[in-house]
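Chain lettering (A, B, C, D, E and F) follows the sequence in which the chains are written, and residue indices restart at 1 in each chain.
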Amino acid sequence: MSEEKFNQPLGGNQMPRFSGPGTMFRLPSSEITSDVEVGIIGVGLDIGASNRSGTRFGPRAVRNESVLVRPYGMYTKAAPFDSFQVADLGDVAINTFSLADSIKIIEQHYDKVMASNIKPITVGGDHTISLPILRALHKKHGKMALVHVDAHADINDTMFGEKECHGTIFRRAIEEGLVDPNKMIQIGQRATGYSSADFQWAIDRGVRVIQAEECWFKSLTPLMAKVRKQIGDSMPSYLTFDIDGIDPAFAPGTGTPEPAGLTSSQALEIIRGMYGTNLIGADLVEVSPPYDSSGNTSLLAANLIFEMLCSLPGCIRR
Amino acid sequence: MSEEKFNQPLGGNQMPRFSGPGTMFRLPSSEITSDVEVGIIGVGLDIGASNRSGTRFGPRAVRNESVLVRPYGMYTKAAPFDSFQVADLGDVAINTFSLADSIKIIEQHYDKVMASNIKPITVGGDHTISLPILRALHKKHGKMALVHVDAHADINDTMFGEKECHGTIFRRAIEEGLVDPNKMIQIGQRATGYSSADFQWAIDRGVRVIQAEECWFKSLTPLMAKVRKQIGDSMPSYLTFDIDGIDPAFAPGTGTPEPAGLTSSQALEIIRGMYGTNLIGADLVEVSPPYDSSGNTSLLAANLIFEMLCSLPGCIRR
Amino acid sequence: MSEEKFNQPLGGNQMPRFSGPGTMFRLPSSEITSDVEVGIIGVGLDIGASNRSGTRFGPRAVRNESVLVRPYGMYTKAAPFDSFQVADLGDVAINTFSLADSIKIIEQHYDKVMASNIKPITVGGDHTISLPILRALHKKHGKMALVHVDAHADINDTMFGEKECHGTIFRRAIEEGLVDPNKMIQIGQRATGYSSADFQWAIDRGVRVIQAEECWFKSLTPLMAKVRKQIGDSMPSYLTFDIDGIDPAFAPGTGTPEPAGLTSSQALEIIRGMYGTNLIGADLVEVSPPYDSSGNTSLLAANLIFEMLCSLPGCIRR
Amino acid sequence: MSEEKFNQPLGGNQMPRFSGPGTMFRLPSSEITSDVEVGIIGVGLDIGASNRSGTRFGPRAVRNESVLVRPYGMYTKAAPFDSFQVADLGDVAINTFSLADSIKIIEQHYDKVMASNIKPITVGGDHTISLPILRALHKKHGKMALVHVDAHADINDTMFGEKECHGTIFRRAIEEGLVDPNKMIQIGQRATGYSSADFQWAIDRGVRVIQAEECWFKSLTPLMAKVRKQIGDSMPSYLTFDIDGIDPAFAPGTGTPEPAGLTSSQALEIIRGMYGTNLIGADLVEVSPPYDSSGNTSLLAANLIFEMLCSLPGCIRR
Amino acid sequence: MSEEKFNQPLGGNQMPRFSGPGTMFRLPSSEITSDVEVGIIGVGLDIGASNRSGTRFGPRAVRNESVLVRPYGMYTKAAPFDSFQVADLGDVAINTFSLADSIKIIEQHYDKVMASNIKPITVGGDHTISLPILRALHKKHGKMALVHVDAHADINDTMFGEKECHGTIFRRAIEEGLVDPNKMIQIGQRATGYSSADFQWAIDRGVRVIQAEECWFKSLTPLMAKVRKQIGDSMPSYLTFDIDGIDPAFAPGTGTPEPAGLTSSQALEIIRGMYGTNLIGADLVEVSPPYDSSGNTSLLAANLIFEMLCSLPGCIRR
Amino acid sequence: MSEEKFNQPLGGNQMPRFSGPGTMFRLPSSEITSDVEVGIIGVGLDIGASNRSGTRFGPRAVRNESVLVRPYGMYTKAAPFDSFQVADLGDVAINTFSLADSIKIIEQHYDKVMASNIKPITVGGDHTISLPILRALHKKHGKMALVHVDAHADINDTMFGEKECHGTIFRRAIEEGLVDPNKMIQIGQRATGYSSADFQWAIDRGVRVIQAEECWFKSLTPLMAKVRKQIGDSMPSYLTFDIDGIDPAFAPGTGTPEPAGLTSSQALEIIRGMYGTNLIGADLVEVSPPYDSSGNTSLLAANLIFEMLCSLPGCIRR
């Protein structure tokens, strides 16, 4: 079939969904090579997490549950696997005994991904991983717009004296000029902090913070229209999605859950709302399988990753 | 008491809720006999399921959790056990080693149920079971209106070459003339598929498909008013409710969960909205207890079955 | 720091969140003494529960998950630990072999708490515990206004012949004049009962019952404005929050869950909406850890307790 | 078939194991009547337990898992359902809000069982239930020999001031003369206590205590030969089996587990070793399903109950 | 390194154990080709199971947990990956809607494996899969010796009227002459059955049945010496290992668990005891991940599969 | 009472076991002070673990389950709380973002413990923590005898290039002269490794390695007599107990489980067998609560810690 010039997920009528390769969406796996346009990458790091650990198993669990995802979006009409050559690029070989070393390893890995012109869709791992990814992407793309979905702002200066861990990364990203704070939108922040300064540092630099309370009981489609307008369609944009932005009812399997978050439908609206921006990569982080007895957090994550593919520029809709 | 001319659920002040018989709502069990007006029937089949199994334990688990359901609807003011003679008719003795054989056994079982003029309320089991049930009901009632709540359309032509399994049944039901596609409404479909054709075959035959996206953030009471108008109050109507129509947050214990589905309040609105149609039976399928660590999916299912009773024509409200 | 004249939760940069003392919010523990203004008290009673047990472990589990709560409300801007001297007063030594005896022990314990002028925030435990607490508070404060969030009305006359257990307590509270039924609001009641009388007894005495159906799909902030108006700002008010008022999707770990309840965001709105009343105490009951595989029900409960602190009169906002 | 003069468990070739009635071994249920020779009785009491609760769901869970038990013992060659008329007599309607009242209710229930000359095999529930059972049996049978398998001696004088709860019952049984301490054997006691007096009171009265340490790494068949010799074959004997006598590896789902207990093979040896005594009843207590994620503790319990049937005098072997 | 002429498991110092490919032991995957000497094959079939389902996820779960297995046996000193070219051959694309069709598909798949001279080590799936595997192996190897570890004899004539399902396969294997009953040893059978005939049919044909009771409390090394003597070192031998042969304490995650089975140390002794026979294949079946909350049943299975590799003739020891 | 000159665990008749302070054995908590003779210390570190994480929650979970432990050993007749002043010293404030920094923090913490002449009993945490503990103890006590129970030898030179993590620590301890390899006994090693060198490095230096296979099916009391003889009664001895030395059936909740390990009875024999040596400290590590659904691994760990107290020199037996 002509559309099948690209890799396709292994279909449920070829191999039962509970069998087949352990890759994301049961896609072929691949080395980092310029034949690949979009690469799914796992980063099983959890030593940057401050409360519950377990996100080291996030990539494996999300891949396991991704078997249920089919290649076409019934509502968006998006057909990503007919639009791009997508492959599973496997995992980054982090050093699980050193957070600092792992951050370097991740950056180097994504330098190679950038050298092959691959758009990375990453599954974590704790949120620390977004910092080295942004550093590598910045070398190629320059300053980026950023949409950041999360229960937390992740803009602490330090945690336990450390400059780089899952709660400090966006302060570093702004300080290092990786992202443009005037084109940075944070969605879903809520619950408790140390003081109003927890959000203010970012707001003072131009970041737009949409607390969860502003999202309750309504569609976020209008918000995303504003976000697209703010970002525009040419500046490279990156989406970093912490699963804890979503309410623990929908995503119980995470390490620092906070009550009263986004619904999974709002999560879909946010990701779908990125279509129309110049999305050059995305990540989905903080899925912690030991706290996800049904596997449904991983399943949700796999669907969110599918939606990320659908929102890449050039994704065919039909 | 005069109302107690009919079977009553064993009450919490007669026997603690955690004790007593393992029947639905702790009702008396009964053979198939014309003394029974409404029969609760279990069909513990899961060999028609394509992803996770486990629905074979659905009937047992839903009965176990049904102990919490009391005989009166506090909002609807419905009193089904004062309206009908309801009994637990036990389980169908399917052949768990043969899907084809089980489909025949189920049809024959429901032929007997029809011969005794019992309205069946069925708890599954995977969705395959609805096909033989519809076949048996069709012999008695002729072509039926159908309200079908589900994350999936279940209108594949074949799956892995098979014509009859949990993803093909409504194509068969339309092809065989069991249901009137112009009086068939599908609610809650979403997520991913193979192509737009996944929904189109049914739409082309007149089926109304209400994707989950159309349901987000709002009451479905207005929708159900339209549904009732479309169906009318005389044509026999059947409600088939796949628990995966509901979001996995509310119903984690199911085999092919899809994110961003209906809320449990919407589920209640749909079932309550059937009151006023000529409902001649209903089923609740796809509860998979091994994925339901709290038991709350089964508990929800038991409540939905209670609401089905309340929506049968003639159910007293007071 | 000047604000730190009061006890502070042990911070995540002093001790990792997964370590440190097992007290609520990792606050200092204290005896009952007039140095304490607000006391967190655990009552691990579950022998008043009619369906699932396990709430005896509620206090321990909520304390365990409370480690994630930080001292400042990002949306309310409330800073309770800069407003009051808060301490963890430990648990009541109930007699787990006798409900009647335990009810007396609890009342005596709260008599002492009242004698020290401490505002009690209690974590249960099944809902039975609210009755002896109200009795003790009534001796000091007289008739109270009551906001009661719950899936159930808890106004049975007896259960299994018993006058005092988790389903009868608010009938007793009204009969004994502990609360003013004209200033009593019940929110979240739903699902099934024995007859319309289940709610009517309270309504007939002036209680306002807001069934869950009236809450679906919308903010409860307007409702709480009305509640505050009804209660006023001077009469002592008490908030009793049964976690099963919230939908089992958000709070699976409870003993008598009912589908289609409040969202956790509505729960926050209700508690935040108490600010402005003369709140003299509150409780959070019916968390049953054995049914909460992720721990997230306990986490939600810990956050609700934090919000209760924020709604006490005099809590600083900044 | 001639042997099938008695009730038979519903077979796996008549109804799949995951379906069928919720009775023990899928036997017919029955009222208390002299047509029944051996009655299975559930007592879902857990308010006599000092640590974890949950045994209230023991009878339901053990019945659920009993579906796997077939009617013949492959090693013992025992055929109990060809030997006796066995039926499931349902549950005792205890008062879950009062331990004292429940103890009376249980005794009265077993008085009726005794009046019908039924040998009771009871599934608990916490161990408190054995006391009223022994009281009722004593009225009919007089002083009994007792084999007591347990991690604990259960001979406290009081617990929290109470004379009757799950840790005091065998002191009461000896004091009341229900059992003959010279024909009382306790097996499996271990772990920690308050002092050597924890065991000594019973030893001083003639009870034989076989600590778990004496059982490690070896068969208990020789021990049981001695036990049979001590008890003799005429004196009425009763077997009370606390599942926590078995190591938590084999029986995790219990409320007061203690490490380094009996193996499940030793448990079988003990029960099988009762054959040859004049066994007039038995109970299996302390299964707590919320702590039994696989269901295998309940499954073990169901098998132990089957073995109890096989050890009743007169059970055919062939 | 010279030994590394063959595929090696991905090491823990190259890639963290929680990351890397989803293959067994993180070996390279391969097509069916004569370059492979030993092939690991998954068969995710569970529709031949009579009680709990879920073994369809067995291959995925065992592969997931196999990451902990290292390439050298510390006690046996076996180095299988220096002895053979081992690869993960992926899964058989069974038809999950038809047991009969799946049995044919499996046989055809193993015909191809045989045509490439690959020794298959299979991970199931329910025990039904061993029948088509034996059929394919028989075509190449002729009549085989068989060591069968299992709680059950699996020699029913039919189940629910069906000739081929997980409880009938070894009757079929004997009837069809696939195995030599005089060189067939069954180990671990126990618990309950329908009559003594359950074991006798096989015994009458020469099969040696070692009931679990004969194995309790002792090493099985002496037994395996006798088994090796009985089988000899030239006749092709096959090992079929049902995980339920092992006690549920060690292997909770299975579908028809029976108490008082083998220990995991005995399981190792049995598999290690096969070294010295002409082992031409083996399978490990009946791991049901939904009942294995810790993952440790799958981990045990992965180790058993490693031991199977170590017992293949020619495996280097050093 | 005269014996109660020391801290006593809060008793079950003073406060129900499910309530009370979250300290080990519900003992009083204390600062590091020379008033304390034996200090229980938690170290919630898991970033030194190579497979599953989660041991960061070990101290909290073991304390939670320790409520069931009573003050007297029924078999050993040991009364540790009448022998020593024991207190819970709380947790070490490790830096969860840096393993290297945490190792330093731990050593400094134990330097203070040594300065106060407290015997430390530590609950981990992954096994990395034993290295800094040994370093601190060595400064005070000089070269120590070591009994090391573990599934693994933990003598890798490096892991992923790192010199200090949970798999290298005993190589470091030997290299640094902290322990005397001629008085070092490793018990329980098993399963798979990279080569025979995995054990040989230690053996070559004089360490005695008792593989698990040598322990199967028998008492370890004779082994411990030899161990005591080898160690003598004067040299300071330390016991480091990795819970994965015990079989996963008994201790499922751990990060690198290996099949066919020690029984929990053997674990007791080992710890009890240390009595008579000059035990100056001990640790219990690698309990990972997320993999321990019943809590029973933590319960076992709490009992092992109690037994450690009982084996300290001078512990009264009566």
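In the analysis below, contacts are C-beta pairs under 8 Å (C-beta built on N, C-alpha and C of every residue); 3 or more make two chains touch, one makes a residue touch a chain.
According to UniProt, the chain labels map to these proteins: A, B, C, D, E, F = Agmatinase.
Values in this document were obtained by computation on a predicted structure and should not be read as measured data.
Common neighbours of chain B and chain D, by the contact definition above: C, E. When chain C is laid over chain E using CA atoms, the rotation angle comes to 180 degrees (nearest 5). Residues touching across the chain D and chain F pair largely diverge in numbering: under half of the numbers involved belong to both copies.
If you average the CA atoms of chain C and of chain D, the two centres end up 40 Å from each other. A straight line joining the Cα centres of chain E and chain F is 37 Å long. Shown for chain C are the residues in touch with two or more other chains, namely 16, 18, 50, 52, 56-57, 96, 159-161, 217, 247, 249-250, 291, 293. If you sketch which chains touch which, the pattern fits none of the simple shapes: not an open path, not a single ring, not a star, and not all-to-all.
If you check each pair of chains against the touch rule, the ones that pass are A-B, A-C, A-E, A-F, B-C, B-D, B-E, C-D, C-F, D-E, D-F, E-F. Residue ranges on chain B touching chain D, taken from their complex, read 14-16, 18-23, 29, 42, 44, 56-57, 59-60, 63-64, 90-94, 96, 293. Contact residues on chain F toward chain A in their complex (touch as defined above): 46-50, 52-54, 56-57, 95-100, 159-162, 164-165, 290-291. Across the complex, chain D is touched by residues 50-52, 158-161, 189-196, 198-199, 211-213, 216-217, 247-250, 252-253, 256-260, 291-293 of chain E.
By the touch criterion stated above, chain B contacts chain C in their complex at residues 11-13, 16-18, 67-75, 77, 79, 217-219, 247, 249-250, 263-265, 267-268, 293-296, 299-300, 303-304, 306, 318.
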